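Per-chain numbering from 1; labels A, B, C and D assigned in written order.
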Amino acid sequence: MGEVHINSDVNHYESKLNGSAIKKATVADSKNSSRRCLWFEEEIEEDLRWVFSVSKILHTGVSDYQDITLLESGPFGKVLILDGKLQSADADEFVYHEALVHPALLYHSNPKSIFIMGGGEGSTAREALKHRSVKKVVMCDIDKEVVDFCKAYLISNREAFKSNRLQLLINDARAELEEREDKFDVIIGDLADPVEGGPCYQLYTQSFYENILKPRLALGGILVTQAGPAGILSHEEVYSSIYNTLRQVFKYVIPYAAHVPSYSDSWGWVMASDEPLPKFSIEETDIRISQRVIGDLCFLDGETLGATLALNKVVRRSLAKETHIYTEETARFVHGHGTAQKLISK
Amino acid sequence: MGEVHINSDVNHYESKLNGSAIKKATVADSKNSSRRCLWFEEEIEEDLRWVFSVSKILHTGVSDYQDITLLESGPFGKVLILDGKLQSADADEFVYHEALVHPALLYHSNPKSIFIMGGGEGSTAREALKHRSVKKVVMCDIDKEVVDFCKAYLISNREAFKSNRLQLLINDARAELEEREDKFDVIIGDLADPVEGGPCYQLYTQSFYENILKPRLALGGILVTQAGPAGILSHEEVYSSIYNTLRQVFKYVIPYAAHVPSYSDSWGWVMASDEPLPKFSIEETDIRISQRVIGDLCFLDGETLGATLALNKVVRRSLAKETHIYTEETARFVHGHGTAQKLISK
Amino acid sequence: MGEVHINSDVNHYESKLNGSAIKKATVADSKNSSRRCLWFEEEIEEDLRWVFSVSKILHTGVSDYQDITLLESGPFGKVLILDGKLQSADADEFVYHEALVHPALLYHSNPKSIFIMGGGEGSTAREALKHRSVKKVVMCDIDKEVVDFCKAYLISNREAFKSNRLQLLINDARAELEEREDKFDVIIGDLADPVEGGPCYQLYTQSFYENILKPRLALGGILVTQAGPAGILSHEEVYSSIYNTLRQVFKYVIPYAAHVPSYSDSWGWVMASDEPLPKFSIEETDIRISQRVIGDLCFLDGETLGATLALNKVVRRSLAKETHIYTEETARFVHGHGTAQKLISK
Amino acid sequence: MGEVHINSDVNHYESKLNGSAIKKATVADSKNSSRRCLWFEEEIEEDLRWVFSVSKILHTGVSDYQDITLLESGPFGKVLILDGKLQSADADEFVYHEALVHPALLYHSNPKSIFIMGGGEGSTAREALKHRSVKKVVMCDIDKEVVDFCKAYLISNREAFKSNRLQLLINDARAELEEREDKFDVIIGDLADPVEGGPCYQLYTQSFYENILKPRLALGGILVTQAGPAGILSHEEVYSSIYNTLRQVFKYVIPYAAHVPSYSDSWGWVMASDEPLPKFSIEETDIRISQRVIGDLCFLDGETLGATLALNKVVRRSLAKETHIYTEETARFVHGHGTAQKLISK
């Protein structure tokens, strides 16, 4: 993410408007101001709130699926909010997106074609496109407004959006995969958490993985999906269930996790394949990165990958013991409420 | 206050920017959104907060004296914030401004010349200019940025700002009154509360009233000043002291109060003069208003004036017993911190 | 309200428990503590919160009808909370209860028998019993737990609870009035606001007033009821409707209001009778109080009564224009959710 | 932590008090209640708050050094609060305490004598005493009230407090170590974060480590200290500096970290010794634990230890580049304010 054009323009417009040049400031952000007075409040759980100061509302919109907001926050820089839930923050979005994309691409022998379910923000495509081997990235997001919004306002992803290796589709990823006949080396699930009424929970079910996604994986293909909170107190909301569900469908399944500060929790991802996934040493991983990836990674390297793959005893045990399988009937949800349901229930 | 031009323009600009027309929405304000997520928090006391949802930050600025913010709020419409304290809300600013201006002007036999200390927002001038008899309104605010800000963004005061009966001065009201030699029929104190380090507390002192303000009142002239919170639990912060201070300086002093919802409290004003102030019946007041005031008043009429003049037993007793006199040495403050002090202490 | 026994006992118990005497403190209340950290949050509206610091939870309970909590608050001393809504605060409960009880009793030529609908806290009975003429106060509250709770913990009402002039009934006030055959000089509605699912909204309907309550009023009898928020922005929630509903049922109806700080709003009451209600001068009222009331009133006197009876122009106009009549089908509610409904819907 | 005696007693007492048995409930915790209304708010940074619901204040106290509070929280069970900062929560205190204690004791060839700086809560002693080899644990906390408080209210630490292998001293750890002449195999720093005015920052300085602590380490002795937040956005507050400071004093220094949910961040610890610290395989670690530790560990095992030792690229780079050395003059602080300073400044 980065500088947002609209803002400089607005300022420009204003200074024309006022005879006098009003000194610009963000809310309670000036040297003068005695205390913060504007706050964003995310309800992590019904009894737990993550609250940070806001100095600017950079942009807001609403789609058929979600409310969209871009804020300038005190602790995390620019933050993208969908349906009142923080999706991505300037300060640490690289952690989530590097962890989502690079392990699967590094584990694949030669990833040429990538399919991104969701990912409207563009950051996941940005990371995938860093791989020299990648010839085609198909990004399929259902929400045109979110995509247009991020295209317009997230400068750090502009290049990715312009890449001729990127095919951008506005469609339900499920329907898209059902219709297509080509196969992909890596399919990446960069979807919103399964929240009640959200647009995404059908993309975490056994039948979807089995009947729709798996047929679209090429030989040796790898699926990786974000899998919700993975903290010691939160990993049983959906993470352990998504892991166990993938174990019903794929021969080899690898869960991993990392702490994402702006999410106020550890976060989980799961890789899955029917081919054995290699184990690299720290050094081997670092060499692969240097050979395959254009430019530097901020978060991921050999040692970091090792850390994300090593889950603590509490989480490991729950994952091993998990029996819940994610189906449309037995769906589990993280706290929060989507908007699609409301639209449907109209 | 009213519609803010910049906004429609921004929207216009955006719809040009985006190929696709992003549906506009304010934060968590759309039909879809499940809960409010952006909040303004005013610290009324260290242990008491007044918190309302915000859907838009319409504009922000900073002056040498104050932080300036214009918000679109959930419960109160547009609200003007100075140094983190709500100054004025679309929903009920008319209560404060009608109560501040009209009683003194109605009590005066023939108010021609008005001097407003502060009042940069423009609403006080707007109310004063409603009086047919008024030939000249001198509005003297120290903060050019606030005045420019309100001129630019508070449409409902635009006419007042354009009136040829209005003289707008950027100066310290104290210095201005000291230099001037002309006299005024009514002097109105529309100043920020006396907060520690704020720009205004020197304009509530006995010596100021005695030596600087009083000489500028014409024969039969009336001073009226806003006097801070006047609730049963808050009136001893500054209201009772301002009242008692004026009693040291003027022969006739009348305190009055009304509940202003967006302030989350009752508010106090004090009128003072060396000429006896008339007692009008409800009917006489209504007749005066119809004869003198152009257009309708929303809040004030004969019965309302009677209600604002009748203080409850608790407040009346404290006022009668108050011995504190407001001097620069003994200044009392409402909770909050101004910015001027910080500048000075640099 | 007042000192709560349990506390001293707890302290006593603790000092026995610990070899060492731990210095007592309330949360973040000690000289040392740098900032408040425990807060009570009342949701006034979905987009408006009233938040104050809490230093102690003095007691909690739950009845079939309501959650009950007694807190030690920063700004308001002890506060009684029912279903998350502040009911009564040490700092200003006298405003609400004096305004509820005394005007009707003063207007009545010779009030001997009083019926209180609700009033489980005991403060309303306490005020009624101050009248020398009163021989019998029947207090009928549906919630035994609340009554037992307040009996046990609100010392300032202990005397009232012990008075042999008080008859305490645990019953639905509606059922009780339906069954009874005796009549009362004054019936007082000290009921919770009509909130969706709350136990009380049926006691604000035209049919209840017409068919059940009115027959229980003696000749010249007066009904007075609390009537919810009466602020410029809130009086149309239920106040104007309750007023208009009573106008359908009684010949003479008088609305009045006063600001109650701990409610963060002005509050409304309505008196109604089929006999003309007298107009007293300030002096006549003061004389009546001195003749009839044992001891001092803190809030109400002649001038205060005048102020509460004089509504501002905004509220007066809405009341005059209000056409909504409160029936079980057309019930209006203040923001909030009761618990009775939940029990029922089980 | 665990069941708190006082409570059952209070309930007992109450049911005696009231004729009727008031059903017990915690604040807004009952099935009935529609929303949380009591909240604990920790200011993580000036612009970031961690807010969770509270159902009971189990106990409060104040010492010469800190405010002490034990709360029943919604998301974390019982939480111990010192000076408004969450110290320890039922739900996950085992993560912090196992990570603090066991790595150093496992790395030591044969740990017999342990010195705990601080640790008044008792959980650190509890973990150390799980090691069969440990003959003596000296726990030295400056705050008698905190120790008495935890002794009285944290049942899960009662056994540890009663152990005859535990020597409990009330003294400044610095002074204590200065006076003593015996040496220890492991010295554990379980101190409050260095906050401005807090009691502890002098125990993180180079001179303290060099001149006072190191001489008290036996041959092959290991120091381990908690080292504050270690998240990608927070590790430069004090963690990197404590690490770099220890590198000036010890030959071998190992930083490690783990996410502690109730702290809303990853947390850091640092081990240091002048003898090389061994590298164990996952299996070797698991064997050591089974041989040395009585009973099970909840969080730590071979794989978990590996994960905590593997820092991500961002943190590793900052640690490598850190040049700041922690001295009394150059002290860095985490956000927050202690109380000792206030006492001193009196």
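The criterion applied here is as follows: a residue touches a chain if its C-beta (ideal position, glycine included) is under 8 Å from a C-beta of that chain, and two chains touch if they have at least 3 such contacts.
Remember, predicted model here, so these are calculated numbers, not experimental data.
K.L.:
Among all other chains, pick the one whose mean CA position is farthest from the mean CA position of chain C.
P.N.:
Chain A.
K.L.:
What pair in C-D, A-B or A-D shares over half of its contact pairs, by residue number, with B-C?
P.N.:
The same interface as B-C is formed by A-D.
K.L.:
Between chain A and chain C, what is the gap in Å from one C-alpha centre to the other?
P.N.:
That gives a centre separation of 52 Å.
K.L.:
Using CA atom averages as chain centres, what separation in Å is found between chain C and chain D?
P.N.:
48
K.L.:
Counting only Cα atoms for the centres, state how far chain A is from chain D in Å.
P.N.:
34
K.L.:
Please output the residue numbers of chain B that touch at least 2 other chains, ranges allowed.
P.N.:
36, 39
K.L.:
Once you draw an edge for every pair of touching chains, what topology comes out, line, ring, star, complete or other?
P.N.:
Contact pattern: a closed ring, each chain touching exactly two others.
K.L.:
Give every touching pair of chains, nothing left out.
P.N.:
So the chains that touch one another pair up as A-B, A-D, B-C, C-D.
K.L.:
Could you please specify the touching residues of chain B with respect to chain A in the complex?
P.N.:
These residues of chain B touch chain A: 5-6, 9-10, 13-14, 17-20, 22-28, 30-43, 54, 56-57, 59-63, 66-69, 71, 81, 83-84, 144-145, 148-149, 152, 336-337, 339, 342-343.
K.L.:
Show me the residue ranges of chain A that touch chain D in the complex, using the header's touch definition.
P.N.:
36, 39, 45-53, 73-76, 91-92, 95, 231-234, 258-259, 261-262, 264-266, 297-301, 303-304, 306-307, 310-314, 316
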